[in-house]
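Multiple structures follow.
Look at the two complexes coming up: subunit A is in both, with subunit B in one and subunit C in the other.
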Partner chain A sequence: MIGPSRVAELEMPAAGIETGAARPAQSYWNESWERLRGNRLGVAAGLLIVVLALVAVMAPLLSAVLTHAQPQTIDLDSTFARPGAGGHLLGADELGRDTLTRLIWGARVSLGVAFLTVAMSLTVGTAVGMMAGYYGGWLDDVLMRFVDMVLAIPAIFLFILMSILIRPNAITLAAIVASVGWGSVARLVRGEVLSVKQRDFILATRSIGARDSRLMLRHLLPNVLPVLIVAASLGVGQIILVEAALDFLGLGIQPPTPSWGNMLTNAQSYFFRSGSLVAFPGITIFITVLASNIFGNAVRDAFDPRLKS
Partner chain B sequence: MTQPLLEVSDLHTVFSTKEGMVKAVDGVSFELHAGETLGIVGESGCGKSVTALSIMRLQRPGRIVGGKVMFKGQDLTRVSEYEMREVRGKEIAMIFQDPMTSLNPVYRVGWQVGEPTRLHGGWDAKKALSSAVTMLARVGIPSAAARAKDYPHQFSGGMRQRAMIAMGLTTTPEVLIADEPTTALDVTIQAQILDLLRDVNREFGTATILITHNLGVVAGMCQRLIVMYAGKIVEAGPTTDVFANPKHPYTWSLLRSIPRLDAERHEPLKPIEGLPPNLVDLPAGCSFHPRCVFKVDRCSRDTPALLQVGDTQRSACWVTQSGTELKGA
Partner chain C sequence: MLAKYVARRFLASLIVVLGVTAITLALMKTTSGSYVPGIDLNPALRPEDIARLRTQLGLDEPPQVWYATWLWNVIHGDFGRSMIDGSRVTDHIFERLPNTLELTATAIVIGVLVAVPLGVIGALRRGSKADHGLTVVSVAGFAVPQFWMGLMLILIFSVTLEQHGLPWLPSSGAFSAFQGGDLLDRVQHLILPATVLSFFYTSTWSRFIRSSMLEVLSQDYIRTARAKGMSERRVVYLHGLRNALIPLITLIGLELPGLVSGGLVVEVVFGWPGIGKLAFERALQYDYTTVMGVTFFATLLVIAGNLLADLLYGVLDPRIRYG
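The block that comes next holds the complex of A and B.
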């Protein structure tokens, strides 16, 4: 050992504490996870979203076993069935299609588009934000002015235009929404990269001969990840609302494919005839978005070091 | 004399700012021989850190606009980025001022200390980790195997600096550049880290460039010393000679502004009057002349070159070059 005498002499007390092992090694991730688990409301909201996601994935199974109906099967005998009547747990619409079945299949669209949109915005936004923040200079200027432009486009007109040009399905719809959504992610990531980049460990890592790609992916990305996780979990609820709104306006998923949004469009004509047609999709959207937001807030409280008390 | 290990000649590094071009390093030349410890001293903003970063070509956003850095027969200012990466961390390692932010908070210490061997030796994770543990033990981290599993926030400042030194040594580099390695640490820890650097120098034969603003550190550590002011070397020579008989008024003033145990009479410390110059708008002639108590007319007109003054020292000063001794006042 180098300098043993001096080290032994000066570090005695430290060495004593050392053997006591006051606290096991806790990574940032472990700590955040512990904090998240401590938030009961947040955990409940997260579980609800997981359940909804499972429902969406198992839609074919559920509609065969639970509701015994297909989302697009017209049954003129049970038009406007009341909830509970004729085996329709949540009633049926003007063509006798089972509302619960359609909600279950609609979850595929709503949640699928939401997750896909968030994934796309995060991927593109992170890549752009990281390049801009890391390299700086003219690349930063070009990329961020482009982001400014994207964010300055009135989203609703872009959506209308795009849905005329491309007939939207789940994937193209996600791409359309993400084509605007990545801008704010890019800004967020760039800001974070600019602050992390100043820290000495980036210079230290460069001084051991790491290449740019390694610095960005292995050293910057894990440090930016917390804000990405927070952005993702808060983004889901927002995107569900946007997607529902687009469907409602007829710019999203087209009937007869059920989505929560176009079920509402359909229901507005029959509001006074059968209120449940409006109520159930509305409540579903409301609860899902509320759960996403509560979960998103819980994640932010757990992962954002700045909020650590 | 043997071939120097590292030879910096007439290095110029500039930064473009809104106010104008800052010549952070303005014609710096020095040599580093195998196994020696060289001190670079100067106050904040005199260009000592930028000099070190320029050797590693990490001076961004600054630009190296002139000069050479010869290392093992190649000019580091001209080699490709790929070749430069091979030099960084493998042949020249660097330690930074603030150990609190020098380690990545999301990775375990052992992983980070082993990173240079994974990058340069192509070692797998297991081999790199075991070498990291060995090296952590050698730099005096108790229970190194267990501590390697810790995250940086579980290390104290002194331990982090030890870890940084361990990281620098894993690839047994020939040159270690320590940029104010003890500035952010308290005094007892400073002594430990300096001891460690001295032992590293002795055991591994690593040539060390020690950058500091602390003359006491230089006195205890370095055989040779370079004093920088406003981007230029103003004095260079063996540490004992420079301390005993400074040949530049700046060094002379610096030495009078620190307390000495062996002073005959305890007099008040004498600060250097005035402020360091604005690097965008340097005074004409010698940059130090507005603060210099020995200045003559010529000092505000012509810039002195770094020339031999006395047997062992070099100084950039019209006064001492003309044979006048720095005394009194």
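The block that comes next holds the complex of A and C.
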């Protein structure tokens, strides 16, 4: 989604799945699901994402039971506590706030914004791409030239300008990132629609009098779905990175709300006091993005075997 | 044919550039009414002074007039003056551009020098331990936040080394190096940011060269070359690698806009006085003209990069025809 060219080059050694000749014919979805389940690394990565999402959802419970601290509780007795000291498993920051608790709450921001961004990009991108591909003609020209423009502006400038304009919270931040992400989805969907549109079943459906809206929603959309699933799962990791960078630059989620990115903004002021403040949020981002990318690649291999290199 | 293709692409690009600047201006205009936040509340300024300032800066003109004037001036090579310090926007850009070019060019050169051998090794020893290792490193490379890698390098090579009394690398302050510092000083400042940037180029490009090399090596002309008794070394490097590198040209061409935007975060982390950092700082200060200038410039680079990549592709691979 963001920088598809980068992600598209990723490849993981997928477990070899041979479709036995004797097996009865299966539906596309069953087959894809089987392929995905056969990819152990991919499944593990997917499970890790699920666990992280659960952690984000249960943040209030975890911080009450596990870390006994709130993300914004200031404790000046334990400023720059080392990991493990004074009940702070991963240490504490310059105000004595527990790092682990803040990471757990930060997961809400990072994952929440990422999933929301993907949802927004897919919705808008699919709508635009489908209209452009289905109707063609001048509408196609206008919509696609607009997509060209959006994708030609260096994305970071758009993010900076819009962040200044909006002063984002989690929802508007997702909208900001999605305002670029929908462009590549639209291109992708348009391409698929252009090819599906040529098939005989569309002509057949049209000839029995189906309206445009029915054609698009009931016949084109299901055929575009595999591409969308792949785009979504490959996009999550990239979006987490973009979101963290914006937070780090002070353009995203504002303190005191903890996010993985803005925890690093503060940490860089205290290099000499505590290295772990710099290390832990970054490691968390790294692991999350790595899992998302591996899972995304597994999904791509399973749902779109053509793309497998 | 080629001229017609270039002309058509050029025309399409022109529309994109116009659209991009219009979008940028629309965003900036809605961002704030007064270019200095809170200037209207400043008791030291009389209302008529504020009005005069606004007129001078052209803030009271309707956006379309402002845009038309700006565009007219840009066509004549005048990007206007910065709203913050009144100096020429072009001066700002050309003052910062060499620094950015120095950083990016170094990173791209290191990236290519590391990525090509790694990609070739991966392709020639497909499925070996070395190949799997390279895959893992490159997959990891996609997941490391660039700014965090910068921070960690600073933590290790600047902070920790210095704390232990060892020779350390500067984490920022490249400004001093450019105001008459010696070459060694410049190189010292360059090492860390260039490492971060080139790491990302390497992880992208090595995968790319690997798959493109695998594809080329399975072609018929490679079999022919082997069949006529050519040494394996010549087959791989003369016939294989040369053709496998063609797609890399496109990738490097597409990296051109990264000169401005891709390096922005790295420039901010390392305090590198480049064009990305300029845009970032000026956007925070509502300096319309500078931001418009840099955006315009960056968009030109995007389009030029795409076009250049397309054309070079045709030069390197005569099979490609432009329609």
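Here, the second predicted complex is superposed on the first by the 280 of 309 C-alpha atoms of A that agree within 3 Å, B and C clash if a C-alpha of one lies under 4 Å from a C-alpha of the other, contacts with A are read in each partner's own complex, and residues count from 1 in each chain.
In the analysis below, contacts are C-beta pairs under 8 Å (C-beta built on N, C-alpha and C of every residue); 3 or more make two chains touch, one makes a residue touch a chain.
This one's a predicted model, so the numbers in the text were calculated from it and none came from an experiment.
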item: Touching partner for A:200 - first (subunit B), second (subunit C), both, neither; value: first
item: Which of subunit B and subunit C A:219 touches, first, second, both or neither; value: first
item: Residues of subunit A touched, compared between subunit B and subunit C (which is higher); value: C
item: Partner chain in contact with A:211 - subunit B first, subunit C second, else both or neither; value: first
item: Touching partner for A:245 - first (subunit B), second (subunit C), both, neither; value: second
item: Contacts of A:104 with subunit B and subunit C, given as first, second, both or neither; value: neither
item: Touching partner for A:146 - first (subunit B), second (subunit C), both, neither; value: second
item: Overlap of subunit C and subunit B interfaces on subunit A (superposed complexes); value: 6-7, 10-11
item: Subunit A residues touching subunit B - in the complex, by the definition given at the top; value: 1-4, 6-7, 10-11, 14-15, 18-19, 25-28, 136-137, 199-201, 203-211, 214, 219, 222-223
item: Residue ranges of subunit C in contact with subunit A within the complex; value: 12, 15-17, 19-20, 23-24, 27-28, 30-31, 132, 135, 138-140, 142-149, 151-152, 154-155, 158-160, 163, 204, 207-208, 211, 251, 254, 257, 260-261, 264-265, 268-269, 276, 279-280, 283-284, 286, 291, 294-295, 298-299, 302-303
item: Interfacial residue positions of subunit B with respect to subunit A in the complex; value: 56, 58, 61, 85-90, 93-94, 96-98, 101-108, 115-116, 119-120, 137-140, 142-143, 147, 149-151, 154, 156, 164, 167, 188, 191-192, 195-196, 199-200, 203
item: Parts of subunit A lying in touch with subunit C, wherever the complex brings them together; value: 5-7, 9-13, 145-146, 148-150, 152-158, 160-162, 164-165, 237, 241, 244-245, 248-249, 264, 267-268, 271-272, 275, 278-279, 281-282, 285-287, 289-290, 293-294, 309
